[in-house]
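The first chain written gets the first letter, and so on, giving A, B, C and D; residue counts start at 1 in each chain.
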Amino acid sequence: MDKWKEECGVFGVWGDPRAVELTYLGLHSLQHRGQEGAGIAAADGQHILCKKGKGLLSEVFPALPDTLTGRPYCIGHVRYATAGGDELENVQPILVRSKYGSVAVAHNGQIVNAPNLRAALEEQGSVFHSSSDSEIILHLIQHGHGSLLDKLTAACRTLDGAFSVVVLTEKSLYAMRDRFGFRPLSIATLGDGWCVSSETCAFSAVGAKFLREVAPGEIVKFSAHGVESVQYTQELRPALCAMEYIYFSRPDSDMNGRNVHAVRKASGRLLAEHDREDTQADLVVGVPDSSLSAATGYSEVSGLPSEMGLVKNRYIGRTFIQPTQDLRDLGVRLKLSVNASVVAGKRVVLIDDSIVRGTTVRRIVRLLRQAGATAVHLRIASPEIRYPCCYGVDTSTREELIAASQSDRAVCEAVGADTLKYLSVADLEQLYGKNRCCYACFNGDYPTDLCPLRADFAVD
Amino acid sequence: MDKWKEECGVFGVWGDPRAVELTYLGLHSLQHRGQEGAGIAAADGQHILCKKGKGLLSEVFPALPDTLTGRPYCIGHVRYATAGGDELENVQPILVRSKYGSVAVAHNGQIVNAPNLRAALEEQGSVFHSSSDSEIILHLIQHGHGSLLDKLTAACRTLDGAFSVVVLTEKSLYAMRDRFGFRPLSIATLGDGWCVSSETCAFSAVGAKFLREVAPGEIVKFSAHGVESVQYTQELRPALCAMEYIYFSRPDSDMNGRNVHAVRKASGRLLAEHDREDTQADLVVGVPDSSLSAATGYSEVSGLPSEMGLVKNRYIGRTFIQPTQDLRDLGVRLKLSVNASVVAGKRVVLIDDSIVRGTTVRRIVRLLRQAGATAVHLRIASPEIRYPCCYGVDTSTREELIAASQSDRAVCEAVGADTLKYLSVADLEQLYGKNRCCYACFNGDYPTDLCPLRADFAVD
Amino acid sequence: MDKWKEECGVFGVWGDPRAVELTYLGLHSLQHRGQEGAGIAAADGQHILCKKGKGLLSEVFPALPDTLTGRPYCIGHVRYATAGGDELENVQPILVRSKYGSVAVAHNGQIVNAPNLRAALEEQGSVFHSSSDSEIILHLIQHGHGSLLDKLTAACRTLDGAFSVVVLTEKSLYAMRDRFGFRPLSIATLGDGWCVSSETCAFSAVGAKFLREVAPGEIVKFSAHGVESVQYTQELRPALCAMEYIYFSRPDSDMNGRNVHAVRKASGRLLAEHDREDTQADLVVGVPDSSLSAATGYSEVSGLPSEMGLVKNRYIGRTFIQPTQDLRDLGVRLKLSVNASVVAGKRVVLIDDSIVRGTTVRRIVRLLRQAGATAVHLRIASPEIRYPCCYGVDTSTREELIAASQSDRAVCEAVGADTLKYLSVADLEQLYGKNRCCYACFNGDYPTDLCPLRADFAVD
Amino acid sequence: MDKWKEECGVFGVWGDPRAVELTYLGLHSLQHRGQEGAGIAAADGQHILCKKGKGLLSEVFPALPDTLTGRPYCIGHVRYATAGGDELENVQPILVRSKYGSVAVAHNGQIVNAPNLRAALEEQGSVFHSSSDSEIILHLIQHGHGSLLDKLTAACRTLDGAFSVVVLTEKSLYAMRDRFGFRPLSIATLGDGWCVSSETCAFSAVGAKFLREVAPGEIVKFSAHGVESVQYTQELRPALCAMEYIYFSRPDSDMNGRNVHAVRKASGRLLAEHDREDTQADLVVGVPDSSLSAATGYSEVSGLPSEMGLVKNRYIGRTFIQPTQDLRDLGVRLKLSVNASVVAGKRVVLIDDSIVRGTTVRRIVRLLRQAGATAVHLRIASPEIRYPCCYGVDTSTREELIAASQSDRAVCEAVGADTLKYLSVADLEQLYGKNRCCYACFNGDYPTDLCPLRADFAVD
């Protein structure tokens, strides 16, 4: 798929002398959730220290600073920067110090009532240093009363939208999740301590043992008193972002008790079942890496061999910007290369996880044809994306969504495929479980009342 | 597989104003052949300029220098550094200037008579700046007579061992290969110009059209006079390194007319055929990335589903060295993670391409069992490695090779698998073609008379 | 002198398309005021962009970013970091965005009522991101009412202590100074625009024409409406930091109408006049660079030749920390080297600008004697420093001040000199003008009622 | 002065466990001799390791590598790169390994018969990696016979021109100097070990004790056998480069028994004596830093006060290249700033050490006049430079030398001064001693028969 981007990963450890090293390792396992910024805040019972920067985790931390290591309480963040917000001041965790003590916060998601909250806070004299909606959480905390848990509870009730958040104080760790559970967040045991992570794949990286997900509407506190849980609201509407299954998450993560790879493979099987009699083809090719599971599933049901018809270059990180159009086109080939010996003279079923703007899949279809594929049957392991996301996924306007304004037939022509089929929302419900996910980008059914981007869509 | 490492990639362009950009893109496609050094030498008809450094291509060239771009003749190199030789002075291309003009050389392979040649040259007063055997080529050229082609011919006849070399002068490009063809080297057309590459996958990255391989014992010259070819010897013994198929090369490269992915998949099919009645299992898991093709082949013949039971972290580049053993063990999990939901309670056929020391596969088997796999049947898509390589592969001593001194049964126990099977050299000959490859690391049949490492092996 | 460090430089340009380049050049001329952080904020009439980082200006800005250049309104800051405050979040300018617009602030000085103000603001829910007292200025602005000029006026009346501040909005520039004028701040014309700088030496670097100093208690606003001035208080007590003349400022800056080099030279003349009959010596040596002017003055009155007996190494920037005491001692010689041929066998008058802890001058005296000087008569171009500074100079405790607890005779012995003489506060008043400077560090006469460090001094 | 640049500094230590650290410190004291490259080679009795790079010493060595420290034999080099030769391959020391052992060489000077020697060596098959004439020394050594001392002796006799060289083997150190002694080279004791340096100022930085200069035509060997000396030729013609006194060397270095500062001060006194009745002026200003000693001397004889009329910015290292002419002009002001308060309304005697192209002094005169100086009397502490240097000083063509083709009167007009006076070669002989220096750039009297640049000068 193209230009559909994930928003951030958070990780935390409570009560381990190796907390900083483990957070570093955990964030490495979450690096796919954000490559444009990383940070770690660590506490020793008395003070919090925070280091962060732009770029990959390994760029921000070529080595772990001695000043951080040894502190037993720690949170971390990897960040995907949306347009215009790539300033260092937006990198997380955000740490503030006050006479009430220090608080560091790392946030995954998007607050839909951020503009209103920010305006109200500024009216009261609050000074914002960043354009990040995450900073609002800190201001709400500061304006609260009572214990920090009281303040967090009040803040969670005020916030609307998507937030999976970890909060660090001098000696406690909090994990909290919005009442929809848009973004994943799980907890695990780690020796005598605890561990929190956006995805479960990070637990195995640090040797932690998965316990359970943080529930929608729940705040979990880890401290010397053990684990406490507060269910801050009963108005729940479980709505895990379907894109976590389709594209964002790592195949070795589990969500809602389902393994991501297994769900993706099952989606490929479903695509093949819908195809039973129709499609005449010689082989199946998945777009690496996110569509390889689905391709295997398709192969098993259809009996068509699954071939490595597309190869991803593992070393393309940050290449220089090519100046001429001529070279830019070559740049595309560099990231993804067709294995001509495999596809030449063959009818190809091409599996991709989703289509956003259609730009990338169009290039892939063209490359396959240039390499001699005689037919390209495009199968998408998700429905047509027709609505923008308000909860942290970076598809800003409806104009960018190729399926928002064009029929499937027109899209098929636009991307140059012979045939094109999608899964339906009903298919996804069958795969992910009933009433458990948010499908707003497919059907416009936004779980929150407020949605800043809905105004773009007069028809809805 | 573990700790079996490739040696270098070379690339060249003649006659394109974008030669430097294309060489950069081509080297990116060859980055898997060496990540410890990179360099580009470019000529404008009158002068050669060379830039190189340690690290990945994108680290050495965060941007392409203006002083290089625009020059229409270019060669490049990516390098894997063997122990003790990671100095900058060993990074290639090596450029020398003399009154006869300038010459830049990039070399893939290993010269077996290097010590003798070097001693003889020093006797005559030659000064060596590096410990690299590649520098010898330049000295031999300088001591030659006649045209540069004459000098290269004489040098090739003097050199023994593995060398696929590109040579750049102010306006010409040469590609030459030893009489065994140990390391791959191919040529392609590129508009009105020419292109040379270690692997054919790089041709599609730059939009070049594959023409043919440089033949064993051949020197090809590209210049304003077109293409010239010299067959400098008739004593040929084709012996492409089998490891190029098994592990080194990219799946979208072709060698000896065979596609690497297709050969690997066929090797998996062969493993399954040998297993027909024997193996009771629930699923097949390939070690990513090099064994995924073989796993698919095995799945298709055996009917067992192929699952993503192991996930490779794409972002592990250069992480800090963990100080404690405790953290080091976690580091292993970080690079390769088991998908517990997939393997728990299952009998797994684990496909790996080869076993060198056995360290990595032992860890993988342990991770699988910790994740709940009830059986692990290890299938290796190549024979037992029992002999060290003299031609550029970094397995220095026989002690390191687990299969050199232990029976298959002992190895199986050592790595913790339930059963262990290999392919045979006969199997490989069936896959790769008769009399086309070097199998010395499997059977000790070294193509060259001289082999500096043979002395280690009294038994042979 | 040793370990007496300056606090920051500020610079601003209004109404020049080259504002960012000029600010860069201006900050270069102020680099001596702070080498541990630098930043530039620039506005284009609609938005403010801010870039900053740790280190020298040339390290923070190896090149000027395209996103900054071209914006006609600009402020900049170079920073000296006091202990514990070297975090990036403390680097200036500080930029905040609110619904009232964006504001960037750069501050030189120290707010003495910062702890009280901060506590009160936090009580009202303010969130602080840094430990810097400068951030308070922004919070006070945000809590104000009316126009920004009204808010700044209210803020200035609330702040106590030392502040020379430049403030940037989307299209206006403000310069404001505390009612004591502790730190210098001047304005200049620059074509049709305006320029503000901590020191006048930066004006000549950018081709600006000195107009006047910002008066104590004044706010000057530069906008499309021209220049406006507000005198926000009449309770004035001019108290320019005497150390600006003695040590901080560049010799080519003017303050209160007096040139810094000229004042320093005059101080050397005064030292010589006090010495008239007493001192038997062969030559005068000034500690480079700050005491060279004084040494010349001494030479002219005394008739003793001024010699380059000490040479400063121009290339010592950031050298590695030497591990052993042995090497550390060598490190001292490296920064400052004795010209043995000049001092051997000679009686030396050594001129230094001031003594704080005495560590450096002790080393210098020892080096001179090791090089063969037969006598060292130490002359200090300022009085004994006995009290800590509350207004931004980094001498934290009285214990560190060698003259605070020891007699001149004891100090003379401690530093190893034969004789030691200082100037008196009366001498300084003669040089700098009556009632124009702060001499608190010499006589404990603090201009502000509040002084956080006074508590250390029971005697006062 | 402008664009007259020095060529390199060399340093070496024999027999101290801190040899690498001391070499680092020593090179820091020689950094003024070259800022474009630095390197250190160190031996432990068995192997030599060499690290080098482009830029300042502190840039090449942000820390001293553990692999180097602890080795007791060491040489180092700081390098000024002449045009076209700024490649890494030209950075020194140059290390070569051969079956005869390893040899590292660092060279200050210029070999005048380099082209002939290089051509002859290439004829014999030698391969050159750099364009540096220093590499020739290594090839000559390799072609020699007998002991290394024999080989060095033969090499020194073959080389013509300027060479002050340090040579390191696995356990010995050699210092050798051409028969003219163009470039300085001295030796010192260092505990039980030895030290070699281009300038004596570096000895005090490392705590070494000056012993004597290496004599022209001498090779000194330091080894476990103590110190040996070979006088390889009796055809001596002492010709220390006069520019070492005038501009290159640090004021705290001694050469031929004379202190550089003292000689410079004496040159200023001589200028004043020549001026006795003539010049009507108010003050003396020296161009910092090299002309400050001369200015003091002038002041003492003339009775005019010496003022800091020009201030050098200490922090201008590597600033970005300004794109527009407008900004470029500002860039000049940035490096050197006029102290307007000092010179306004005054008649200034401006002392500079020499004039090469006249560009810089012209700008300085203009700046002084813009700042209000009513007269500028330019006094140059050396004669007119009319001939290019063949021995390592970078003034390539006669066209660049303003005094080569123009009368003093024309030069005076060109630079905008009211009057202009130089010292004569006779004056210099009086200052430096008779028959001790090379004055070829002033009078064309080249000490060597061969001079590659002489051909440019038909008139001579």
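Going forward, contacts are C-beta pairs under 8 Å (C-beta built on N, C-alpha and C of every residue); 3 or more make two chains touch, one makes a residue touch a chain.
Given the structure is predicted, the values throughout are model-derived calculations rather than measurements.
Farthest from subunit B, judged by the mean position of CA atoms in each chain, is C.
Centroid to centroid, with C-alpha atoms defining each point, subunit A and subunit B lie 36 Å apart.
Averaging C-alpha coordinates per chain places the centre of subunit A 60 Å away from that of subunit D. The set of subunit B residues that touch two or more partner chains is empty. Every pair of chains meeting the contact definition is listed here: A-B, A-C, B-D, C-D. Within the complex formed with subunit A, the residues of subunit C that make contact are 88, 94-100, 118-119, 121-122, 124-129, 131, 135, 138-139, 142-143. The residues of subunit C lying in touch with subunit D in their complex are 18, 21-22, 25, 28-29, 31-32, 35, 56-58, 61-64, 201, 204-207, 250-252, 254, 259, 261-262, 265, 289, 292-293, 296, 300, 305-308, 311, 313-320, 322, 324, 326-327, 330-331, 333-334, 337-342, 371.
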